[in-house]
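The next block holds one structure in the form of structure tokens; read it before the comments.
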Amino acid sequence: MKTNIRQVACIALVALFIILGGILIGLKMYQWFLPESVTVESAMYDQLFRFTVSIAGMVFLLVEGTLLYVLIRFHRRPGETGDGVAIHGNTSLEIVWTLIPAIIVTVLSFYSYDVLKSVDVAYDSAASWFCGPLTPAKALAEPVSGGNLVIDVISRQFSWEFKYPQYNNVSSSEMHVPVDEFVLLRLTSEDVIHSFWVPQFRLKKDSLPGYVNEARFEAKNEGTYPVICAELCGLGHSEMRTALIVESKEKFDAWIQSLVSQTESAQTGDPVAQGRALFARLGCGACHTLSDVGTEGQLGPSLDGFGARAGGRIPGVSAEDYVKTSLRTPNAYIVAGFLDAMPSFADRLDDAELNALVQYLLQQ
Amino acid sequence: MEKLLRQQKYLLVFVALVIITAVEVTVSYLPFTDRTPQTIILVIGSLCKASLVMLYYMHLRDDSRWYALLVGFPLVIGVLLSVTFVL
Amino acid sequence: MAVDAATGVGIRARRASWLRYFSFSTDHKVIGVQYMAMSFVFLLLGIVLAMLIRAELAAPGVGVVNARLYNGIVTLHGTVMIFLWLIPALVGLANYIVPLMIGAEDMAFPRLNALSFWLFLVAGLLIVLGFVFGPAEAGWTAYAPLSTLGPAGQSFWIIGLIVNGFSSILGAINFVTTVVTMRAPGLTFWKLPLFVWSILAMTVLIFMGTPVLTAGLFMQLFDRSLGTVFFSPSGGGDPILWQHLFWFYSHPAVYIMVLPGMGALSEVIPVFARKPIFGYKMIAWSSIAISVLGLLVWAHHMFTTGVAPAILFPMMITSMIIAVPTGVKVFSWLATMWGGKLTLQTPLWFCIGFISNFLFAGMTGVMQASIPLDVHFQDTYFLVAHLHYALFGAGVFGAFAGIYYWFPKITGRMYNETFGRIHFVLVFIAFNITYMPMFWLGVNGMPRRVADYVPEFATANLIISISGFVLGFSFLIFLVNFFMSWAWGPKAPDNPWGALSLEWTLPSPPPQHNFAGRKIVVRYPYDFGTPAPGSGHQSSPPDGAGG
Amino acid sequence: MSVTSVASQQQTHQGHSGTLDHRKLGMWLFIGSEVMFFAGFIAAFVHFKVLNPAESALLDIPLTTVNSFLLLTSSFTVVSALAAIRERAVRRMWHFLIATWFLGAAFLMGQALEFSKLFYEGVTLHSVFGCTFFSVTGFHGFHVLIGLLWLLLILVKTFRRKIAGPEQAMQVEIFGLYWHFVDVVWIFLFAVIYLIR
């Protein structure tokens, strides 16, 4: 068929419109759609996102545009009879619309690999390429090598615990990291699969029972960001969130030092203080309200004024036994109106710790 | 006559299967230090046996291509699946 | 049945025709209707569950249901909608149509066909009844070890899915055998309607994927009942093993649910555009390509697990490549409509809805195929939106296109066109308002399967819930139209749409032994257009009711 | 593009198109999906074997070698039985099938012996090796059992003269396909589970 100049101009114009429109969509979505970008990695992520969405935008304009045009231009007018033209296909056209998407996804794959190389620990070495970052959980016992700050993320139904192996393993239920520093996370779980997600970091890693998973990031902005469990982990899944605080090196050092001294004093100090530390470390507050520690979990019964109630709860069961049993086999007694959601802490606490916790709770 | 040949063919295949099995077992007892060559031999051996059975006893050799296709595709994917899990 | 209902003969005959649907019939048409009817019963259940979910999420804080009930409802909703509504509905449609399309008298194994239906029914009851014995609450993905620790309902769920698996494997074997061995003389593969091609591709996925899931389900059942340690880390097992086995089936399941819809589009669009399908062979091959590639992408659901890149990265590439054959289909449909004479009736409207929604599913799909991007999307509402765009926006819209298109053939009556269009408008708008905001929610920090969320998501969730209720309501319009028209709708001619595939050469509804004793005129089924090359056929535009 | 051909519909379920027999095709498809089923279990076994290679030292290779020979022989007898019925030599088929049945039964007994020995040596379902090993070999044994029952049915039919010549050879052939498949699975299991260390 012969193509006159107007056709060519028309096609060129439409193509231009589609390309520019796509890029515009990409840029706008990138601004409106994504949450704040905090880490070096999330910046790279956003670049890839912008690129991908721009292409998606072009595809969107092309297809939806064609669809609308077809609907308007080619719908059957009232009283119109007859058929469309009998065109069975057009090889060159079909080749084109097979090749172009193929090229696009190839480019996208290469770009993705480029980003992965710099954001994902698994792509650091040929070894990890073939076995991945997953290692058996005992790896956590090994001493930490390298200068980077290492944080062991331990997840359990339904709370997070963050251990700092370089600061004689003190642990907290909130995560503090210094700004502008590489942080290596070693994630593991005590019961079921959880997933560590910080939307502003564009970072998500599953924490699996029996394995240690690894992730790293370098935060650029100070601030407080949510840590969210993204993998359905049981009845308290939606409650399983905590805070990640990015702060200046000085603030971080101050915080970690105070934590270290607190922990030491708690270990040496009276059982009540130790129990209080345990309550905080184990993240009981995720499900239980306790004003003394300043938690307001809703999934389990409130523990304010617990010491007074515990005794009379079950006839013939002393307050102390009641608490012990509730920690070892939580489903033995269920407070009316609550679910049997609490995991057992029997093999997570030694007798001394158990007693300390009991003493503390009975003080409430 | 042709029937007789077929019987002989089946018998030959059977003998071949037995021999390969014997070889496999002996190989598995050899005290290799590096297990890789042994593994390779065993895999090849079992593949040979399987294909012998399928080609002659299950008549894939003279039957329609459809059957070969419909069982070959799962075999390939299945092997891929298992390989994935070795990693 | 067309005989006058006044005479006792007519009445008895009609009653008999109704009773057939409650018997162990081996007629593929009866079984097809049984499948579809049951699937709609389960659909209603699934909708009720969805409404409960949206009611709970309408406002932050624990409201309508507690956490246990919520997890149970989410699990059952996913399971019911996928295994008990969409797949059976499509299988039922195929069960009715495919033998007619290939000029066969029935399926290759009629008794097996009936067996798979009744197995499906048993499976459905097991899964639903399990809810009573402590609901399965590990999500429809049933990730170990959460699922192996879960309450008794989980075991019912597992056994139900095993039975359902047997049912669909037997069905798949039946379909492939039927298409390969029972085509009418002269009906070569390259003259098959594209619906049959897509069903072929779908059944390949079923009989390849389902056994692997069944193996995994057996392992999980053993873990729960015999104390094996396949998935329990304490005993040295590996929870990721389940994810591999599960997704090996359950990713192809997506294509199982979308391919028949694509096939329906390839039937409806040419008929309503009065134009030959554009690039027949490319569309047929793209179906095959999708089903082959679909078996090699499962690990793209595991990008955050820390599995070796040697597994994940190749699967990322295969996942991306799937965009190519799907793109080919979409472009071919557009090219088919281009220059046609579109009769804008309900089946075509649903095809247009399919293309529009499927575009979003495809674009977000490519984004999620890219590992670094997916790390952020994984297990969030972004994914919830994406999967509903694929399964609902594409799968269900395709199913409706097919159901409206073949309704006259199946029931012998015309559906009400006005109601059909209202249904489409309502479902299309409500669908997009419901699921579009979920993309934003997910990216900004709302994980999936949560009973509670932070206050800043309240507005978006309220909008979603309201529009979700409208969406649920829109199905009632369809059901009303469906049953009213089946009972009192105007009689349908043999070929209301002026289509060319074989099923339309039969009376509506077709007689018991389909083509028994008839001449079968085999021809290329997309021979529309002027001048129609080869055939002197001058086709006439559809004259459907309300058109 | 639009060739038009006319023909009258046949009444039988036999395929119109091509020479493919629908029962045989169905059997092959079933085998195909069975391949995937076992692939799932073998994959699991391989997975854990890579994780901890030590445990499979307990396995009794001489015993299982004998078992393999039994199964291979039974494959030979089945195919010979098919050849026999195709030549209308019902008596010969009968003998071959009986032989097959006893070979299969012997295999099962060998497996029972092996399982009991392993239990005695303390291999339980509660270790990864135990659960993968017992489930995969157990499912294979289950398939052998089904095969034996099916074969029993065929023997009864033969006894009742229901299978008397090439006309009914298809029944034997389809059973044969199943039986050979079970054998093929064992060929792989034998290498993967027992021989590869």
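Note that the chains are named A, B, C and D in the order they appear, and that numbering of residues resets to 1 at the start of each chain.
Just so we're on the same page, a residue touches a chain if its C-beta (ideal position, glycine included) is under 8 Å from a C-beta of that chain, and two chains touch if they have at least 3 such contacts.
Just so it is clear, the structure is predicted and the values come from calculations on it, not from any experiment.
Set against one another, A-C and B-D show the most C-beta pairs in contact at A-C. Set against the Cα centre of chain C, the chain with the most distant centre is B. Per-chain CA centroids place chain A at a distance of 48 Å from chain D. Taking the mean of the C-alpha atoms as each chain's centre, chain A and chain C sit 32 Å apart.
Work out the mean CA point of chain B and of chain D, and you get 15 Å between them. Of all residues in chain D, those touching 2 or more other chains are 1, 18, 20, 25, 29, 32-33, 35-36, 38-40, 43-44, 47, listed in ascending order. Each of residues 88, 130-131 in chain A touches at least two other chains.
Of all residues in chain B, those touching 2 or more other chains are 66, 70, 73-74, 77, 81, 84-85, 87, listed in ascending order.
Against chain B, the residues of chain D that register as touching in their complex are 18-20, 24-25, 28-29, 31-33, 35-36, 38-40, 42-44, 46-47, 50, 61, 65, 68-69, 72-73, 75-76, 78-80, 83, 87, 176-177, 180-181, 183-184, 187-188, 190-192, 194-197.
Residues 176, 180, 204, 208, 212, 241, 244, 248, 295-296, 299, 308, 310-311 of chain C are the ones that touch chain B when the two sit in their complex.
Chain C contributes residues 62, 66-68, 71, 137-139, 143, 145-146, 149, 233-234, 237-240, 273-282, 304-310, 313, 316-317, 320-321, 323-324, 327-328, 330-332, 334-335, 337-344, 352, 355-356, 359, 362-363, 366-367, 370-373, 375-376, 378-380, 439-440, 443-445, 447-454, 526-533, 538-541 to its touches with chain A in the complex.
Partner chain C is touched in their complex by these residues of chain B: 66, 70, 73-74, 77, 80-81, 84-85, 87. Within the complex formed with chain C, the residues of chain D that make contact are 1-9, 11, 13, 15-18, 20-22, 25-26, 29-30, 32-41, 43-44, 47-48, 51-52, 125-128, 130-132, 135, 139.
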